[in-house]
């Protein structure tokens, strides 16, 4: 297609939304796209009000995403949107994504992709059938130093990988340890709205995804221990997992939302036969390598010696901090590049963004963890 | 004025520019403004090409800023721009800013504001006369934890301030320590284009501004030592300054561009009679206080206990890093708020952005430093 | 007994020993003891030479510990030693400790206490029978900020504990990942000399001990995954363990000696319902607490607000680093206090040093880990 | 002389002393010396009591240092002490040191060496005349990574040095900012007992010494600003200094005892044409280098790739923290080596400890700072 600003629509993300504005800032950051329509809330009045706050054309603020899909599809090609961003509660992801894909639109969808593995596989077949671009916002793989970590491993700087530790501690749910929650006050604790898992579905999959993106290793089997500490919470709010990877590496993945005082502490350590590496999301512009002598080398985002992928994902020189909005913008740039190239998910070589396949693996991971921790209480093989 | 997206124009900032894109991302980040025109380069062909890359209407990509001021002023009110961003080499700041102010436009200008103190004072009188908003992009005061630092001091948490240390080490010029520079290869070393100073004008004024913003203290006198280590550089590339503030506090300000290996290490320490504080631009989301027992307390950006100004300057919860683009966006939001309120520089109460007064003080600081280090070689009183 | 310098003897720790000199420096640091005799090596000539280097009376440098026990016991009361320090390979710990206890001497013994749980229990009964002081050098619990961590938890500052993560990564064995080891070149990989485990017995028990010392929690069951990455190594060199504690807390313990680039990274995080804490052995003078708002408070060793136990374990004001020699010296001071009081292991209240009970629990932990990881491959209850 | 444990005596350092016990622990740490006598307090009864607590022979606990010098000199050669350690208030250093040197003893003396430059020069001539070893405990140069820093610079890894920043912030005097001090409550504020300076004499000289030890650069001229914030304090409690070195390097030295919340934050940054380095006393086991690309490399104490001097100054492998007692012990080891070799101060090559020359330079520095800050209020040349 001709090079122009892409037109986007937003599903969810109205006033009061936490991640809706972040998607808008990220998608528009590099001047390659702008949102022109939306179904911004399940409540049509709130949707209208949110549209006005965004200076959207009132005629393109829809009452729901079904209407939006139909009406946008009916617009002339040079007016209608190219893609939608879906930032609604989990249980609507599958239907909303399917609806837009089948109406001919590319889709950028928040994670977890679906409520369970069965839905995820179904969505994968819809993506394949429609040939549209489907991007899943595993935001953390958009950071330049995560790309550099992957590059170092691909280049063999770490040698053979023996051990991988990925932690994702958060503490925000600790605020509910005393008073507890209800499914009304927090949809994330309601299996009908959140899906089969809270903590694993919300952030455990980020840990799994980060580990896989950086190392290229696939989980062969795992043994998990899930907890729910919050009174009234029917789902997991903490989980610790022993992991065996194909090829012999081993590791630990843990995710927690009751780790009092932790903010958003996703981090990864990879130990190879030659060197190890460390990256921490809360100080994302740095990547640290350690050699066998314990000599520690720290690389900064923006450094001219970094790999091309890391440099492309950077907007400013070293010492000028870039954050999570920029990381998400990098995910969008990858998807936009694929959209501009007119290429869907099946032709992803060279387009660096998380796809529907990542979503399927993520949901397989969650269901395997549940099988190990709840039904089997032992080591289980990774589901597919 | 009616609440709507503001329309901006850009002077400088074309293809290859370092800080032009950052201004665009920052100004448009929160969906409150969009750039619709520009004079993007001193080279009209480069300007055109840059405009196309930004998807600007070709009719509004001008050959120079003079033309831009005239033609935009001639457009209907609901089409013409509200403000310009000036990101050209220093020596054009004064003329470009004056031109747009006098043509009726608000101005956001990169620092240093002018080439010397005399120009700065002249610009101040033009701002006063036109009543337009003039914002100077001392970006670092846009960080939420800088606002929190100021708040803590205003609230008296530190007690009376005794000592202030502001450092701004950079190392990028160290790459020229061997080979040297010429005024052709680097305009910043050319007094005709950079003004009276390189290092002090480029980053020393950030250090001065940050110290003043955070503490509210004014420099009474100083003793400076300037160096130029880079062969061929006619201006300063490093400077160390002893400072006495009004009221008895003392301190150190240093700025350097030959500090090998340093990236953009602006940081501030303030020592009061009760507590001290520390903030570092390279990890900007945190602010640290130490009490008399050495107990260290770290606050995070996004924390719900922070002051309103810090919370307003934050887009995401703690642990989700925000960087310099977001800091600059906060400066723009302050200026936009003043523009929307129809109020110029003379009515700045409550509008938290650096003004023409900061520019005058900054240039006075630079000239005082030069007087102390070069002509007098001793302690001198701060110029006004 | 009368207050005087205690007289010590050393078993092992001759020339070339890594930890022998550390024990000497630690035991003598505070001027409360001095070594006057030793059986410093299994090789009598090396023992003699080592004794000379230590300026020991040649008549009291013995050919083996059996001779030492007999001859020292035969000396007049005001000449013979009060205690021995045992720093030999693991497989001699049991016999050497038993010999000296039964000859009427107090014993300070390096960990692991014995080669297996059965021996550990037997030693416990010997300690009980003889009534002598037996101290096991779990050095890390000697650090002042570890004592402060325990104090904060005992005082309820963390609330109820939900999660405990203890990591002990080392990388020194990674140097053998390529070439491998033999039992001749490294006794630690020889089950006959090291006992049932390498990594778990050497450092896993430190992690278990630290977690228990700080939190007071006891392991109810665990699920472990052990690896041996080093060619030729018949024992574990890495292990990851899921842990359930009595009372509902959960956690992770991991220990590794193949974590390339890691030095001696023992650290602990404890998450309670009110706050969490963090301590790291490589920067041992600090303890960090985080509250529900993510506000992080760091306390320094030597701070006057700390608990008495932490202050007693500190020799210098804040900012004056103390290290592992001082930590071990604190273990010795605890044992010396019990010796001076004429009280053995059965009367430990108020004497803060690791006892034979810690040794029994440590060996039970190691054998439980082996049962889970090797024979059962599933969750198992903690052995007793 | 024959290799044996050296015998030491202590002047000052009785019960309640802060640094006396540290000297004892350090001097005896490596089993190369033991204290056998002392004049431990200006109060003879306190001296006796202190001697008993140290298990000293009561006959060798003297009523004052004059008696000690006479009586020890009268003992047979195989009984009398080899050296004394002087840890009394500043004003007695000169007389005590002279007394023992002239009585034929080696001397280890706490800093500042004397109360002023004139005394320092006189002491130097006494040292020269007697040919005895005189060591001045500039403890911080005993750290292994300080030795490595010096080595890297000597080897040219940093290139030519352009800039040196040495900071020594402490905050303990901030506790007196409200209430003030009297010369009775704190001898350090009494010019008769402390000498010409408080902060500069106490810690400013450490900063000067560290900078000179690491870089080899000598100060040519300086411009200083001294303050006294503490009510009742007649001396300086804070000072900021611009420094010009021989050969063109420039820098900043600052020392402060009113920097609220700071503990013992001595640190140094050296910027060369090729690389820069950073070392911080509060985390002393690490040394960081940065290259022109901002790539940061951290070396650990105990690393097998370090220079011989650094390895000799280390007792334990990387990751096993060593602190200030061990650093001071390294100073003692250097002095002991010279004593064993029977060589005094004039033959110092190869004996790595601070000498009387360091003391003379330190006092010259203090007097130059006072001249610049107080009498001249301008740049002054370094006194000699």
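Letters A, B, C and D name the chains as they come in the text, with residue numbers starting at 1 for each one.
In this section, contacts are C-beta pairs under 8 Å (C-beta built on N, C-alpha and C of every residue); 3 or more make two chains touch, one makes a residue touch a chain.
Note that this is a predicted model, so its numbers are computed, not measured.
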- Shared touch partners for chain B + chain C come out as A, D
- Message: Looking at chain pairs A-C and A-D, which one is connected by more C-beta pairs in contact?
- Response: A-C
- Message: Could you work out how far the Cα centre of chain A sits from that of chain B, in whole Å?
- Response: 35
- How big is the gap, in whole Å, between where the Cα atoms of chain A centre and where those of chain C centre? 44
- Message: Distance between chain A and chain D based on Cα centroids, please, to the nearest Å.
- Response: 56
- Message: Two-or-more-chain contact residues of chain B, please, as numbers and ranges.
- Response: 262-263, 293-296, 300, 318-319
- Provide the residue numbers of chain D that touch chain A in the complex, in ascending order. 293-300, 303-305, 318-319
- Contacting residues of chain C [partner chain D, same complex]: 4-5, 18, 21-22, 24-25, 28-31, 54-55, 170, 172, 262-265, 281-284, 300, 315-326
- Item | Contact footprint of chain B on chain D as seen in their complex | 158-159, 162-163, 165, 171, 174-175, 177-178, 223, 225, 227, 229, 238, 240, 242, 244, 250-252, 254, 256, 258-263, 269, 271-276, 289-296, 377-379
